[in-house]
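Read from first to last, the chains carry the letters A, B, C and D; within each, the first residue is number 1.
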Amino acid sequence: MNDLTPYLVISTTLFCLGIFAVLTRRNAISILMGIELILNACNLNFAAFSRFVTPPDDISGQIISIFGIVLAAAEAAVFLAIILAIYREFSTISPDETDTLKG
Amino acid sequence: MSVVVLFSIILLCPLAAFSVFSLLSLAGRNSPRQDLISTAAMLIAFVCSLLLFVTANPENPDHQTLTWLPLESVDFSMGFYFDSVTAVMLLVVTIVSSLVHIFSIGYMHGDPRYPRFFAFLSLFSFSMLFLVVSDNLLGIYIGWELVGLCSYLLIGFWFEKKSAADACKKAFLTTRVGDVGMFIGMMMLFAKFQTLALYGEDGIFAAVSDLGAGDLTWLSIAGVLIFCGAVGKSAQVPLHTWLPDAMEGPTPVSALIHAATMVAAGVYLAARMFPLLTPDSSLVIAYIGGITALIAATIAIVRFDIKRVLAYSTISQLGYMMLAIGAGSYVAGLFHLTTHAFFKALLFLGSGSVIHAFHASHQAHSHHDENGHSRGSEAPFASFGIDPAQDMRHMGGLRRKMPLTFVTMLIATLSISGVPFLFSGFWSKDAILVEVLYRAMSWHSVHHYILFCTAALAAVITAFYMFRLIFMTFFGEPRNREMYDHVHESPKVMTVPLIILAVLSFPIFNTIVNKGFFENYVKTPEQPHVGSPKHAHDSQSQGVLYAQAGLSVAYAAEDAHQHHDDHAAGEHHNPIHDKAHNIVIPLSFVIVILGIGLSALFYYWKKISAEAVAAKFRPIYNLFWNKYYFDEFYNGAIVAFTVASSRLFGLFDLRVIDGIVNGIGFTVRELFSRLIGWVDNTFVDGLVNWVAQITLSVGGRIRRVQTGMIQNYLLIILGGLVLLILIFRSL
Amino acid sequence: MFLSLMIFIPLLGMVVVLLLPRDQEELARRVTLGFTLIPLLLAVVLFMQYDRSASDLQFDFDTVWIKAFDIHYHIGINGISVTLLLLTALLGPICVLASWRNIEKGVKAYLALFLLLETGMIGFFCAQDLFLFYVFFEVTLLPMYFLIGIWGGPRREYAAIKFFLYTLFGGVLMLIAIIAVYIKGGTFDIPTLIDLASREGHPLADRTFQIWAFLGFFIGFAVKVPIFPFHTWLPDAHVEAPTAISVILAGILLKMGTYGLVLINFAMLPKGMELFCNGEGRWGNAFAVLGFVNIVYGSLCALAQKDFKKLVAYSSIAHMGFVILGLAARNESGMNGAILQMFNHGVISAMLFLLVGVVYDRAHHREIGGFGGLGSRMPIYTGITTVAFMASLGLPGLSGFVGEALSLLGAYDKFPKLTILSTIGIVIGAAYFLWTLQRVFLGQLNPKYADMPEINRREIVTLVPLGILTIVLGIWPSFAMDMFNEAVKGLIAPLG
Amino acid sequence: MELKPLVFYVFALLTIGSAVIVVTVRNIVHAAFSLMVTLFSIAGLYVFLQADFLAATQVIVYVGGILVLILFGVMMTSGRLDMKLKMERGQLFWGGLVTILIFALLLGVIRRTPWNVQEELGTVEGTTAQIGKAILQSEFLLPFEVASVILLIALIGAVLISRKEVREDE
C-alpha cells in the first residue's frame, strides 16, 4: 500500500474490465458502465502518480482526477439523454440494432 | 549534270506525281489531269535515264551514301550505286513505264478511277526505280516491298470483282513469304557483317572475300535465303501461283509490273547478289530456274485465257533468267531480262489492245456502256470461268481487223520464240543456252546436263504455245462472229507504244539491245568462291573450299585456271565455250522449227486435233490444266492449316487462357468469401451473372467492414493497436 | 518546372472543366481541347529544346515530397521518356477530337477523367522517383477504370473490372518490388538506384535479389505490355472502351509497360535481365521466347477474330512482341528498334483504333464480315486505312517497318532460331490485315451501306497528323531516333 | 498483522471483484449496484492515497450522481429491472482476446517501466485547501472554468436531446 505497483495493477484491471465491457456488452447502459470503469481506472492512476511520483506538495494529479470526474458526470448525462432519445425512437437500446450507420 | 542530280530527278518525278494525287484526294478533290502529270513525270525520268546512260561512265561506278540510322556499332546507311546494271535497268524501267503510261491513256479511258490508276503507276515507277538504284540490301528490300504494295493495289484496282480482290491478296501474301526468307537472309548477313551495305570498303561484298573456308555453308544458306525473295517476286516455283492470278489487274499493269519490271526485279536481285553466290547456292538457283521454266511452259500450252498464257510464259522466261544467273552467266541473265522486258511488255500491251477491242465490241454489241469497268459481269456465251474478252476460243482471224496489233505481236512472238538473228529474243536465249551448256560441260558432271535439256525443251514449248496464241487469235476464221464484227483497231495512243516496243525487239535498229554491246557494257562481277579471284594462287585453300562445296578439287583447279584464261583472252576464245556455242546455234534452229512447226500443225493447218491429243494423254493434260495442283495444295494444306490453327489459337485464348484467368478470379473470390464467411455468413449473392458477382463481391467485401456496429470498430481499432504495439515492440 | 507545367496543366484543366456549368458541354469540350493542346505545344518546345547529344537526364527537377520516407518529387526526362512524352502529348488532343461527338452522357465527367488520365501518363514518363513513378502508374488506372466502365460498350463493367484487377495485381507485385528495392537501396531516387545497382558489392547489386526484384517488376509491367499469358484483359478492354480510350490504351498505356521494362528492369536490374536474356542456361531465352510467343500467338489470334477492334487489339499484342524481342537482344540495333517500335506502335495503333471508330460510328457494329465493298463508297477512308494497315503489317517506307526490322536484326544476333521463327509473324500479320482489308473494303459494296457518309473533316484532322508521322518516320527514322539514340547507348554501355 | 494493509487489500479486492461482477452479470440492475460497490471502494483507495477531497468527490459525484443517473436510465428505458443481457460468442471471444492482450501489455509496461518513485512520502494533512488554492490561484483556473462550461453544455445538451419533440406534441 505504500508502493505504486498495487495501485497500477488495480487500475489496469479496472481498465481492462471496462474495455471488455465496452467490447462485449450489447446494452448501451452496460457499455456506459464499462466506460465509467475505464474513467475510474484513469483517475486512480492519476491519484496514485500524484502520491508516489510527483513531489509531495504537487497535487496536480489529484486535480486532473477531479476534472476527470467532472467530465465523467457530463458524459454520463449526455449519454443517458442520448439513450433515452434512441429508446424513444427505436424502442431498443442494443447498439447492434441501431445500425443506421450501416453502409 | 551529275549523277546525283539525275538520280534525284528520276526518283522524285514519279513520287511527286503520286503525291499530287494523294494530297488532292485527301482534300476531297479529284485530280483531273493525273494522266498527263504521271506520264510527263515518267517521260522526264526517261530522259534523265537516257542522259545518264549516255553520259555516265559505267567503268567507274558512282556510289554515294548517307547515314540513315545514327547507330554506332552497326551500319545503316542509304545510298545509291550507279554502274552499268543500274543504267540498263533504269533505262528499261523508264522506257516500259513511259510506254505503258501512254498506252493506259487509251486503255483506261472512261474508267471511274482513271486518275487513281495513273497515281498508282507513278508510285510503282518510283518504287521500282528506288529498288534499282539502291546500294544496300535494306534499300532494295524497301523498294522490293513497295513494288509489292503497288502490285497489290493495281491487281486489286477493280476490287469490286471478287477474283481481283482475291488475286491481290494472294499476290501480296505469296511474295511476302519469299520476302520473309529474304529478310532472314538479310539478318544472317547483318549478324555477320554488321552492315547491309553491299558496296564500298565496309560493304558485304568486300567482307565476303575475306571469309574463311568454314563459312562456305553459311554463305550458301544466306545466298539461298536472299534468293527466296526473288523466288517470291519473280514467281519461281514453288511461289509462282500468284502471277497468273495477278492477271485480274488491268492489262497495262500486267505489262508493266507482271511482265517487264517488278517480276524481273527478282532476277535483278539475284544478279546484284552475284558476288555472294557460292557454287551450292548457284546450283539451287539454276535448278529452281530450270524447273520453273519447264513447268510454267507446260502449263501455258493448255491455257485459253490470252493473259494467262502470257503470264505463264513470263514465269517460264523468268525461270530462264534465273537459270542463267545460277549457271554463272550474269550477262546472259541480265541481257534476257532486258530483251524480255520489251517483247513481253509488247505482248501484254498487244493482248491488251485485243481485249480492249473486244470489250468495246462487247459493249457496242450489248449496248451496255455506262459501266466501263464491270468486265465480265454479263457473259453472252460460255465462259469457262474466263473473262470472255480474254478467251482465245472466242477470237480468231483478227489479223484482218487489227493489222497493227497483229504485226507488232507477231514480232514479239518471233522474238520470244527465239527466231534466229533478226530478233532480240534469239540473242538472249541463245546466250543463256550457251552458258548453261558451257557450265554443264565444265562441271564434268553428267546430271547437270539436265539443266540444259530443260532449257532447250522449254524453248521448244515456248515457241509452240506462243504460236498457238498467235494462230488462235489472229488466224483462222472468227469464232465469234458477233463480237468480231464490232472489233476495230485500237486508237493511236495505244498502237504507238506497240510500234516502239516492236522496234525495240529488233536488235538491228538499235545498239542497246545488242548482245555484243551488252556484253561489253555489263561486266560480270567477281564471285569470290566460284570465280576465285583473290585466292587463285592459293590453291590449297581453294581446294578446301571446293571440297566443302561438294565439288571436285579438279574442277576447282580448272575453274581457277579458266578464270585466268578469261582474263587473258576473253570469254569467246575459251575452247569449251566455243564448243558450247557451236552446239547451240544449230540447235536454236531446230528448236524454233520444231516449236513453230508443231504449233502450225495443230492450230494453223489443223492436221492434228488438239482435243484428240489431249484426250489421249488425259492424265498429263489434267496435270497441266490444273497447274500441277499447286493452288489446290496451298489452299488445301497451307492456307487451311493456318486458318485452322488461328481458329484454334483464338479459341484457346478465349477459352483456356481467359478461362484460367476467370477461374482464378472465381477461386480467389470463393476462397475469400469463405474466409470471411464465418464472421458473417449471411452474405448471399443471388446474382446470375458472375460478372456482376465480382463487382458485388468487391463492394460487398468493403461493405461488410461497414456494419454500423461501433463495437466492431472499436474491437478492430484496439486489436490493430495491440498488433501495432506488438510489432513496434519487436523492432 | 517545365515538365511540372506539362504534368499539371491537364490537372488544372480537370478542375476548370469540373467547375464549368453542367449544360455547357460544347464549351467543356473546347476547354479540354485547349488544355490538351497546351502540353502539345510544350511538347513541341521540348522537341526543339531537347539536347540530342546528351544521354543523361534533362529538365531535371528535384524537391522533397514526403520527408519521412525520403520520397522526392523528382522529374526529368531522358531520350526514351521524351519520345513517349511527345507521343502522349500528341495523342491527347487527338483523342479529345475523336470523342467530340460520340460521347453523349456525362461529357464533363468524361473530359475531366480524361485530363486526369493525361496527367497520370505524362507524370509517369517524367517520374524519376520510384514512389512517384508508382503513384503515377496507379493514377492512370483509376480514370481508365471509369472511362471504360461508364462510357464503354455492352460488357463494359466486366472489361473494366478485368482491366482494373489485372493491372492492380501487377501493380501490387511491383509495389512489393519497389519496397524491396527501397529497403536495399535506401532511396527511391531512380538515377541513384541505377548507379547503386551497378556498384559491385552493394546489396542492390546482389544477383539473387536482382532476379527476384526483376520478377516483381516484370510481372507488373508484363500485365501492362501485355505479355502472354497476361494479355487477356486487352482484347476485352479494347472492345468495350470508347474509341478515344482505346487509342490511349493502345497508344500510351501499353508503352508504360515497356517503358517500365526499359527504365527499371533493364537499367536498374541488369543482373536479373542478364539471367533471362543471355541466351544460356535454362532461363536464358525466357525473355525472347515471350517476345516470340507474343508475336506468333498474337498474330494467329488476330487472324481468327471476327470483330474489327478485337483484331486490332490482338495485332497490338503481336507488335509489342517485337518490342520484347528487341529488348531481349540488348544490343544497339535491338534496343533502338524496340524503342522505335514502341513509338511507332503508339502512332499506328492509334490510327487503327481511330479508323475502327470511324466505321463503328457509322455502322454501329464492328463485325468484319458485316461490311464489304466500302472502298468504292469511302475512297479517302479506304486510302487512310490502307496506309495504316500497311504501316502496321510492316511495309517498308512506313514507320512500322523500321522498328520491326531493327528489333529483328538486333535479336537475330542473340537468338537466331527464335528470331527466324518470329518472322512467321510478319507473314501472318500481312495475312490478317489484307484479309480484313478485303472483307471490309474490297468486293461488291454491301447494299446496306450504299449511303454511308465519307469520313468527315474532324476525323481526317485526327488521322492526318498520325499518318504524316507514320510516313515521315518510315522514310527518315532518325527524326525520332536521334532523340533516344544517346540514351540507348548509355543503357547498353555497361553491357560491353 | 497491521490493519492498514489489510483494509487496503480488502478495498482492492472489493474494487476488482465488484468490477468483475459489473462486467459479467446478466442482470443490469445487479450490475449497476455492483458498480456502486466499485465506486465506493475506489473512494477508499483514494483515501489510502491521501486524497481526501478526491475521495469525497468520488462518493458525491459518482455514487450520488452518476450511478443514480444510470439507474434512472435503466428503469426508464426498459421498464423492467431484470433485463437480461445477451452475449455473443464471437464478440466475447474476440473482445476477451483483445482485452487479455491489452492487459498483458499493460502489466508488462508496469513491470518494466522504471517508475520514478519518490524516496520520501510526505504526509499531507488534508488536501482540500491545497486543491482550492491550486484551482483558483494557479494555472488550473482556466481549465476549471472550461470544465464548468462543459458541464453547462452537457446539461443543456442532455435536456435538449432527451425532451420530446415539441412538434410531435402539437
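The rule is short, and it goes like this: a residue touches a chain if its C-beta (ideal position, glycine included) is under 8 Å from a C-beta of that chain, and two chains touch if they have at least 3 such contacts.
This structure is a prediction, so every number in the text was calculated from the model and none was measured.
Can you give the whole-Å distance between the Cα centres of chain A and chain C?
Centre separation, chain A to chain C: 60 Å.
For chain C and chain D, what's the span in angstrom between their mean Cα positions?
66
So what's the Cα centroid distance for chain A and chain D, whole Å?
Distance between chain centres, rounded to whole Å: 6 Å.
How many angstrom lie between the centres of chain A and chain B, each centre taken as the mean Cα position?
That gives a centre separation of 94 Å.
Counting only residues that touch at least 2 other chains, which ones in chain A make the list?
Correct list: 19, 23-24.
Please set out, as single numbers or ranges, the residues of chain D touching at least two other chains.
91, 94-95, 98, 102
Can you list the residues of chain C that touch 2 or more other chains?
none
Quick check of your reading of the touch definition: is the inter-chain graph here a line, ring, star, complete or other?
Looks like something else, not a line, ring, star or complete graph.
Sort out which chains touch which and give me every pair.
Listed in label order, the chain pairs in contact are A-B, A-D, B-C, B-D.
Contact residues on chain B for chain C in the complex?
Going by the criterion above, the answer is residues 22, 25-26, 28, 67-74, 76, 116, 138, 141-146, 149, 152-153, 156, 159-160, 162, 164-166, 168-169, 172-173, 176-177, 180, 183-184, 186-188, 190-191, 642-643, 645-647, 649-651, 653, 657-658, 660-661, 665, 691-692, 694-695, 698.
Quick one: in the complex, what on chain C touches chain B?
155, 157-158, 161-162, 165-166, 228-229, 231-232, 297, 300-305, 331-333, 336, 373, 375-376, 379-380, 383-384, 386, 390, 395-397, 401-402, 405-406, 408-409, 412-413, 416, 419-420, 423-424, 426-428, 430-431, 434-435, 437-438, 441-445, 454, 460, 464, 476-478, 481-482, 485, 489
Mind listing the chain A positions that touch chain D in their complex?
Going through chain A, the ones touching chain D are 1-10, 12-21, 23-27, 29-30, 32-34, 36-37, 40, 43-44, 47-48, 50-57, 59-60, 62-63, 65-67, 69-78, 80-85, 87-88, 93.
List the residues on chain A that touch chain B in their complex, please.
19, 22-24, 31, 95-96, 99-103
If we count contacts the way the header does, which residues on chain D are in touch with chain A in the complex?
For chain D paired with chain A, touching residues are 4-5, 8-9, 12, 15-16, 19-20, 22-23, 28, 31-32, 35, 38-39, 42, 45-46, 48-51, 53-54, 57-58, 61-62, 65-66, 69-70, 72-74, 76-78, 83, 85-88, 91-92, 94-96, 98-100, 102-103, 106-107, 110, 115-118, 120-124, 127, 130-131, 134-135, 140, 143-144, 147, 150-151, 153-155, 157-162, 164.
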